[in-house]
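Dropping the structures in below, format is structure tokens.
Same chain, two partners: subunit A is paired with subunit B first, then with subunit C.
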Partner chain A sequence: MSETALATPEFSAAGRPAGRLRRRNWPAIIAWAVVLLILVLLPLYLPPGLLSAGQYVMVGAVGAIGLTLVFGQAGQLSLAHAFFLLVGGTAYSVLAGETTQAGAERIVGFGWPPLLALIGAVVITALFGLAFAPVAGRLKGIYLGIASLALVYIGFYLGRALPALTGGASSGRNPEPFSLFGFPFTNEGDIALFGVPLRQPERLWYLFLVVLVIGYLLAAGAMRGRVGRAWRAVRDHEAAAAAMGVNVLRAKAVAFAVSAAYAGLAGVLLVLWYGLLKPDESEFGNYGLNTSIAFLAMVLIGGLGSIPGAVAGALIVWGSQQILTLFAADLGLGTALSGFSPTVISLYVYGLAVIAVVLFEPGGLAAIGRNTVAALRGRRRSDMDSSGASGRRSAPPGKDGK
Partner chain B sequence: MTTFVQLVVNGLGKGAVFALLALGFVVIFKATGVINFAHGSLVLIGGYLVAISVGALGFPAATAIGIAGAGLAALLIERLLVSRSRLADPNSLALLTIGVDVVVAEDIFRRLGTTVPYLGAPWDAHPVRLGNITLFSTQLVALVVGLVLITAFFLAFRFSDWGIAMRAQAENPEAAALMGIRRSRVTATAWLVAGMLAGVAVVFIVTQDFSGIGLSRTTHAIAFAAFPAAILGGLDSTAGAVVGGLVVGLVDALSAQYVSFDFAKVAVFLAMLVVLVARPSGLFGTREVTRV
Partner chain C sequence: MLSVCGLSVRYGRAVRALENVDLEVGDDAVLAVLGGNGAGKSTLLRTISGTLRLHRGAVTAGQVILDDQRIDRLDPAAIVRRGAVAVPEGRQIFARMSVEENLRAGGLGAASAAVRRTARDRVHELFPVLAERAKQRAGLLSGGEQQMLAIGRALMSGPRLLLLDEPSLGLAPQLVGRIASIIAEIHVQGTAVVLVEQNATMALQVADHAVVLEVGRVALTGPADRLAASDDVQRLYLGGHAESDAQADAEVRAAQTSATGVRGLSRWAG
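Our next item is the complex of A and B:
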């Protein structure tokens, strides 16, 4: 599948560096600083429920950035994100945890320091992504997507078949709480910021925020650099990319490894957020196909290949569910088992959003944002217009992807 | 040995059902180039219609309603969404069907609530004994119905005007259009046929013999195994869909018996992965050629 259709041309190297080097984009820098400041101050004001929802969104955003790199930038459809999430969470729990005896089952743990375990988990997940590269190198488009789906089922099986690592599907295992150079991300110890005591929820918020910002900047850097150009070349035309000297197989393998690493990182954050690693008991659990599809929805709604879009997509897909759950009683929504539960509504929302994006604005929120900014600046040129909808329509039907 | 024969026959019966689903995938793919991720939803719609009408109307009439409803739903997806964005490329349309699947499947689950209804197939849970071999009658009926429908499909595909128009369009859309073949009619009937096949399949899936559980998320998950079936055989090959379906049914039945029930769900996807690595376009699919 050539992803010309879903390409976001304004990420091509042209235009950007000039603007970056000559004049700094002060409005954008100030906007980012304000956003960061708000994110730093929010935990001082938010109630625990919203705090937890915000953490969940940040976990989703880290994972979605990984998917937007492999699918949006490199054009490789991956439905295996949920599997890599499981691998990351399991690897962290095993590396950081202690060996314990739970009933008849001996649960293995290495007792590494949590930071080391987190890095180890990311590396292990990346290796899993790399191991899938031989398959990814041979397949394209939807074939690749469905082949990667096999990983989700393998994860489902292994999660249950290896209770020594995962704790088994019925009870799971508790991951070691995170700590950094002796500073625990739990309720231990008293520290305060502006008179607000920082306990576990606030500390995890800042941990997740730091991880998200680092992940965001690394992804943006990769996208702007040589790696990103190679990915886009492979996405747009493999043969042309090879002719230009891009090592196609390596570019694909790197994209899969990087995307898996992000998913693994999100998986670590997820077990820290839940306080529990629990493999699925059925095919439609936390690490099932539906989670892979939720991540796909995030990057589609946000705009394929756009990193801010991925974050916004996470806010819509995972945020809507959490926030609706929090306010379910106020909104008069049903509980999980009756009728229009928050989860059901959030699924409607993102299902419909995916349909709307494909039909009306293939560039997603990123394109809408760009068009809005351009309109506000009053220099909406014809080429800006073509960035989203008409850009993909320039490809003759039937010729693309085949 | 008796176990083995038993497993093969039951596996082939399941395989016939997967073949019906996979055939639907392939028909839609050939006509519109779209991979229909909403196939599981069509299965659920058919099953839901049967479940709510079987009490009042009896099994045959309820099944007819289910099949018609699933076909109609597929037609609606094609008319309202897919045909509207004719210029969007097939891959984004596949993503669109994911959105459809999320919404429709969740709506059916919401309607079902805590109920897990069976569809009341009269042959369900009546095992047949031949000597010391026990066979599930659902799988036997599925095998017969599957063979009849698949044969009818191939005859229609080969000889009817619809089949010829369909193959012509899959072969070369521009030339087919110039020959006076109406694209919209071909694609609409393709979706209709695929939906109806899904409506037939669900009557067999939601039985004690096949899935052992009523209409639920599990039904949706089982319908997903038609994906490996279609991919295994090659997405643009109708014969491949049938072979793929039978392979999936056999792998499922044999691995559930000889390895473990859990492993059976993975085994199907592993088989697909092995085939894809060896032959990236499936067993009978057309090889992609990159022109520079």
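Our next item is the complex of A and C:
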């Protein structure tokens, strides 16, 4: 059993002495640095249309990270993501906006600084998620999904019934543009990077990028820590998790609150991106069933429970929609009016992607990525030392990403 | 350490799983709970560990006391924090996680990081195989290794009372012996054990006291060696109806000869 013998030193290096620093994975760190550098430089080259598409993808990625935590890590199906998006967007608009009179309607606003309003919106959405948690204590699987779907329809109703907050379903309300310590994320003022003027699209890109990176790191930390371990224990075997001291109800509640917080954050970004908060009248709007399903598709395509997978899923699902819309004319697709609009076509695109994932690689893009990395590593090792490669390959992926 | 007084448990309205059960576990003792299928052994363990509600059962009378405190109304996490942890029937390891992740998950119930560290060293001493296979998927372990993982995972919270539900289930006789010696070792290290078993021979070897349950009631109780010697237990649970060792040996020999008399497996030549 050379395999066992090989595994032992690796274990004692990584696992045994608590507190010793882990060996750093330089190739991965370099790869991430390159990706970040590209994302930082992209706005200098991309036209506004593609920049806007990229921002939309980042919004989707933030929301999808939230869903992959609650569904992939904690095993709780939630179709309420669109509702939490609406709550987040509304909370930001109310907290940051000014009270105005629009016709007969008095629209309420507190005029908080935008950063404070953003944080407030995230907290409020998390509380909404927490309020839903007791339902998760009673229902499982698809039943929980259906129950959470009810929230989307409650959102429809509230959006119409509370025009003082949402501006009403017909006109909506304009959210306060984001600004940070007096620096506006609009076209005001002149700044430039390498001679390229940074206007609203570029500034929003950087804002969204920073938010996404922070959200990504926090989620990765939660997943690696005790919270994530409790989630996975609950997901894999509720009774066993309870028997060894995991508070199952609390773990589920935390998962829902965290997931809702991410959705709320995505909701804030979405109103900033759109420049408008407009609750829906049908399930095809920004906060309808379709949006919930789109998020579900993102985490399925990306691989359940995988954070990089969620980001990649957002790129495919919301990215394809934006790209198809942008290049509708070039691709010879009809206009939005002709039934087969780019949005509808993108539904087919990611629908097919979901089917392909289910058929060929249930682990999604995350599993494909892991296998590729393992294969690359295996080959590199086999160049140096063939026995090392066999030991590596026979061991299944260490981190439970699925 | 643990005392159960007048405990009655029902599932739904109809099924009476336990009826007026009393038992005691000393600070440094191993109690074997014996009985056939449906005797209420697992229910007893579920009640002590607080997981009864997950199985839709309810305590209708009596109480469970751990260190002078009632625990029958606490949730499982609180009971683990108080130092009683269960290894559920059928192991219930997290098959998709690695061995190390399973152990770490077991540490979620631990009181502090220091407790976790000590517990981890102890688990690795007891089960070197778990250290060797740390990165392996738990679902790929053999049955015996999975049982060791389940016990190790429970030990990760540093319990003072370990509740084991049929650890010998589905294991080869040799492995049953291994598990028995491990339980003895855990006991020597100062952890009290409640051992629910159908394998009475093994349980009575390890335990110092034993309780026999029959359809939810305590039928017999006493020191393990006395129970092992008693005719009732011999007849009912040790598979013996022999009057003496000599007769038992004779029967075993008779069985062996008759077994060799049966046509054995042969290679198909045609």
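We take it that the second predicted complex is superposed on the first by the 353 of 402 C-alpha atoms of A that agree within 3 Å, B and C clash if a C-alpha of one lies under 4 Å from a C-alpha of the other, contacts with A are read in each partner's own complex, and residues count from 1 in each chain.
Definition applied: a contact is a pair of C-beta atoms (placed from the backbone, for glycine too) under 8 Å apart; a residue touches a chain by one contact, two chains touch by 3 or more.
Just so it is clear, the model here is predicted, and its values are computed rather than measured.
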Touched partner set for A:117, first subunit B, second subunit C, both or neither: neither
Partner chain(s) touched by A:140 [first = subunit B, second = subunit C, both, neither]: first
Contacts of A:64 with subunit B and subunit C, given as first, second, both or neither: neither
Subunit B versus subunit C as contact partner of A:247, first or second or both or neither: second
Partner chain(s) touched by A:236 [first = subunit B, second = subunit C, both, neither]: second
Subunit B versus subunit C as contact partner of A:95, first or second or both or neither: neither
Partner chain(s) touched by A:226 [first = subunit B, second = subunit C, both, neither]: second
Per-residue contact with subunit A, leading partner among subunit C and subunit B: B
Shared subunit A surface residues [contacts with subunit B and with subunit C]: 4, 238-240, 243, 395, 398, 400, 402
Sites on subunit A touched by subunit B in the complex: 1, 3-6, 77, 134-135, 138-143, 146-147, 149-150, 153-154, 156-157, 160-161, 238-240, 243, 282-284, 289, 293, 296-297, 300, 337-341, 344, 347-348, 350-355, 358-359, 362, 392-393, 395, 397-398, 400-402
Touch list for subunit C against partner subunit A, complex: 49-51, 54-55, 75-77, 79-81, 85-88, 92-98, 100-101, 104-106, 108-110, 113, 117, 120, 124, 131-137, 140, 153-154, 156-157
Partner subunit A, residues of subunit B touching it in the complex: 33, 35, 81, 84-96, 98-103, 106-107, 109-110, 113-114, 173, 217-218, 220-221, 224, 227-228, 231, 235, 262-263, 265-266, 268-270, 272-273, 276-277, 280-281, 288, 290, 292
Footprint of subunit C on subunit A - complex, ascending: 4, 7-8, 10-12, 15-16, 18, 226, 229-230, 232-233, 236-247, 250, 395-396, 398-400, 402
